[in-house]
């Protein structure tokens, strides 16, 4: 059955490509089928713990899902299917779609495969498939591929090869590729290896989860891939890094003597990532870049939670991972919808779409509230648990840093909403219509998901708890959470339902007595009809305030943003190229030189033969 | 029955907060006038204004969000009011005090500004947007020392709930402004920004931004903003009193304590000019943050 | 219940009282008269005693205070501001220029009689009127409101056409959102 | 089992000399005969490989002179594997270059196929002979035909490249002769097995000197740094399929010879480390040089050199796994690099300068070739699930088992560089705009078949590497097991005597 799932995925990818040659509708159908059928099969027939194993050139590979993987599979499959539906109208009219769709299926397959693989080889194989399929998506639109695409792939390759190095070391140490064997025998490794292996693995996972200082690929890649894919790219694919990081942090690092410092370092890297990502997101004028940097920041929180690693922190991190999948997926979809309808995703160009695209705005609003972590939506639960865990585990400075970044996050949240939907309604965008339902419904579903999880986090905390118990945590149910209650180390509680009801009640009251009654009486005037000191702004006069939106704030935090790792990497790259150019000159293209080389070669060998050949 | 009693208690709390907040506003106007060597309006002037604003017709709107914005703001202030212990022995006013904690309060408090920002954004008035950006930037400024102070309290008394902190105060018998003075200093400095009196009134700078976010809101909207502002002021003051001044046993003491605390930003504001945005942010990241840091160290090591 | 006549009257009385005691003034400093506003507001004459305070935008204002002569150029803006104000709203003409042109009676580009263009509730004569007289003008307006006579806005609505006609005479290129509430 | 080892050498040589005569009968025969010959060689060597795998090495003595004295051909699992690989590649090259370029008329085509025959024959000979002087002769045959093919386009550049190749070749042959002379003077025998059995009698100084001269002589053929100066020019200037043939056939033969020397003939302690070091240097220098190239084929040439370096690294590890990994690498490289050369030469078919930037945007116009080139790039940088990954993985595991972490790190860093330059080209193919004046060349049917066969093999090995693993295991075991080799050869001699 497990094989069948992957076979269907692969075949679906191929068929999607081929059927595009026949008829686009057929292609769309095949595409959706090859996403949905395996997913259904997966949830129907695969239960946790069932594994299949086979042997390939001497390595024993085994596939099977465990509770943690099951949790992440919710993100991958759910988001994947929704994004698949979204993709069909979003990508309509683009060129070589067969390529796009089959890559799409391949990415989903590889992510599911990562969750399935119980051994390092297949883990790595699926990891690499994921990498190059996402790379092909990044370069899909062909915008400066040589810079952004190559940067993404080089960073992914560095990460992957670090992982590969770790894998072969592990194999040489205990002649087995199974992850379980690694975990069981890790304690017996010598200290150098105990340090080297987790660090190498963390480099590998850190790249995908955009951890400082390996995050520089993120902004470009996220914004260059088609939005229909970026919603998975940021929502699900980056979570694979988190998945691996969880395994390393929980299973390996505690075994290391002095492993504490590794945890702290990673936690601080995560915090720095969060702050840097947030500040850069505030500085962006392009929605895609803004969301990209904000993804980096959000992943920073998750990394902090994983690295701190107390049960509450782990709960928080995994919950935030799910939430991030939901709202960031929705937000990228919103951006895609706006870009599709208006042709640009730049705040300085497009404004005042709220009355044109109300449903999109609703999705954006809910997702943004969730992102900002404002109750009663789900983002708050994750934030709350993260803060409580940090305070409870006495990371006092860390909690301040995190709080700073999540407060500064309000800035870009508002910028996103204002830039697209609020503000002056320009004549230029009068023609804009609401996006097709097939695009809007997935967004709204995701946004609604954040709402539900805000009221009943237990729904998702339950599988998280299962996954954590599997990794050796004690059960946290009742200790830290109930269906709709949260507790911290000191037993202070949050009851989410009363909060929700209170908010709904007050809101309903004022909505009725202020909005409905008021709205009836009032009549709509255009956004040109504002108190501009008696002047009557004409249609073509642009009163929108969207350039240098947060200039004072940015001026304040300028010293923090002066250092930019990206620059250093580029410098390094240029230096390397210069060096390579030098080595290229070794081959002068002159026969005599080559002959001379040969002579020198043999002379050297003859001179040093005693030392070289140990005579 | 239970539920109805709770609802009645909640309504009573809201009314109390409204009245106290509004009259504080009037009294502040009076005091300001006195300091300007004027006679000033009567202390109930704010009520008159509020009533008049209700009476004013609201003929136009700039879209649905302009209507929802004030609703969001009211939600924020009232819900946060629900979670603040008004009196030590809750009595009538224990609404939802035990269902939330400080971190929840911090977050529900920023719900309002966001709603106001949305309402302001819908009107399309550039001044509103500018005011909103200023407000958010300033919020990033003063939240840092404020949270540092709160974290200091939390780690000092091993609880994150307001009620827990109040009980801790009762056990020690000393107000926290004495048991953890640096936290108090940081919190009060942050409060200057929270109340947005001069020199931190950069959001609604009347002549510079034409009263900023509310510049398109007359009539009901303005009334809603005004009253929610008053309730919100009451909420913050009560929270400070609960945290640092050992709460209040009855309303009189509550009023006295809150009023005394309220005078800090007011009196400081009357005699000050206005900061620019980056100046105010830098201010909050200067000494207040330093004191917050000291407070955390103090809480850890003492 | 609101439609009930007597209760409506009571409500009106209370509301008029409230309006009377809180006047948000949008002081449109057209001419030299603007110089008299600061002393009126500040400590010497302290108009805030009567609940009179400045408003930042027309949306929040009750009273439009036209201080001094109106050039044909500024008239358009003034009309715009007046129409942006929400009911109930009042206009105070300030200084002789708003009554009969005052010292600009023969100027080619000031409007002479403000009442032809906007419904003035109270005139304050004098050139300049001193703060005392300004305050007395306000008190007069308060009395009008209390008696329910301060209804310039209503008559502006009623015979909008004539006002428009006059305004359009002065303002050749008329681009203005129509005023229908 | 079809045919016998000697036929693998005799038939192509015969055919090579027959081709002109047959050409007089019917011009087309010039193109057809080589195909038939190569097909036969491929089939027979494959079947013999099967036979060898099941029931042991075939030893064939020529002219009835037994092992130590006469020339004998050793068809062991290793040599069988390599011979099959080479003949297969030869066939693919023929298939591709059947009617390679319409403008090639009868005369050059005749030369072309003659030399191709000789090239394959020589390479196979190098592999399966059991006698060093005989091997030297085969190296010369291969070399001469290679010089000629390099100069196939009678132009200034090709002549120059060919001359460089010739120069180095002369050096190599002289070095080889010196080495052979030393050995013969010391041991009085030229048979490899005999030498291997007697090598301990030889004074260390002589032994090492001989080894060094061998290394130089064969190293030139095997493209090790710094003896590989000829390679980039030759690869660039020779026709595309010939580049493929170099990468797939000649170099492999050179590597085999080198490895045979080091593993079987000489029992010198430090030789492995020398291989390892030289391999590493070659790898790093070549890959770093490749990243700055402007001509497509030149880039491929450097990359091929780098791969050879990697192969030597793998051999230099010196364990069974290392050898296995090295053979696996040789196999993959022999499949993938020809694919790259063939599709690459299709991409730059009509361009004057053969520059990389002239492939811009060809993905739309020649999709099939472009896809195959992309596949080859993905495979050669070792992305799963393509063939290259498994060989890279086995190299790394082999190194890791010896605890050579630094070497692993270096290999991986170099692979990152490799990724950069290959993906730059792939991006250019797909996401850039085509130059207007360039007319894309539709590949012919035979070329398409040739390339798609290679692509299919890449995918097959990628998804199920077990299809080749047994063969490779046998081959590596055979290479490591020197006493068995000696016993086979010499005992075969005895068995003939009595």
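Here the chain labels run A, B, C and D in written order, and each chain numbers its own residues starting at 1.
Note that in this section a residue touches a chain if its C-beta (ideal position, glycine included) is under 8 Å from a C-beta of that chain, and two chains touch if they have at least 3 such contacts.
Note that the structure is a prediction, hence the values are computed from the model and not measured.
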Closest chain to the centre of mass proxy, which here is the mean CA position: A
Chain pair, B-C or A-D, that carries the greater number of C-beta contacts: A-D
Intercentroid distance (Cα basis), chain C paired with chain B, Å: 36
Where chain B and chain D are represented by their mean Cα positions, the distance between them in whole Å: 80
For chain A paired with chain D, centre-to-centre distance based on mean C-alpha positions, whole Å: 45
Separation of mean Cα positions, chain C and chain A [Å, integer]: 59
Per-residue overlap in chain B, given as positions that touch at least 2 other chains: 57-60, 210, 215-216
Touching two or more other chains - residue numbers and ranges from chain A: 523, 525, 528-529, 531
Which pairs of chains touch, using the document's own definition: A-B, A-C, A-D, B-C
In the complex with chain C, residue positions of chain A that touch it: 523, 525-526, 528-529, 531, 533-536, 538
Chain B contact footprint on chain C (complex, rising order): 14-15, 18-19, 21-22, 42-43, 46, 48-49, 51, 53-54, 56-57, 59-62, 86-88, 181
In the complex with chain A, residue positions of chain B that touch it: 57-65, 67-68, 70-72, 74-75, 78-79, 82, 96, 98-101, 103-104, 107-108, 110-111, 113-114, 117-118, 121-126, 129-130, 132-134, 136-137, 139-140, 143-144, 147-148, 151, 154-155, 158-161, 164, 210, 215-216, 220, 224, 276-278, 281-282, 285, 292, 296, 300
Sites on chain C touched by chain A in the complex: 28, 57-59, 74, 76-78, 80-81, 84, 175-177, 181
Residue ranges of chain B in contact with chain C within the complex: 29, 33, 36-41, 45, 48-49, 51-52, 55-60, 206-207, 210-211, 214-219, 222
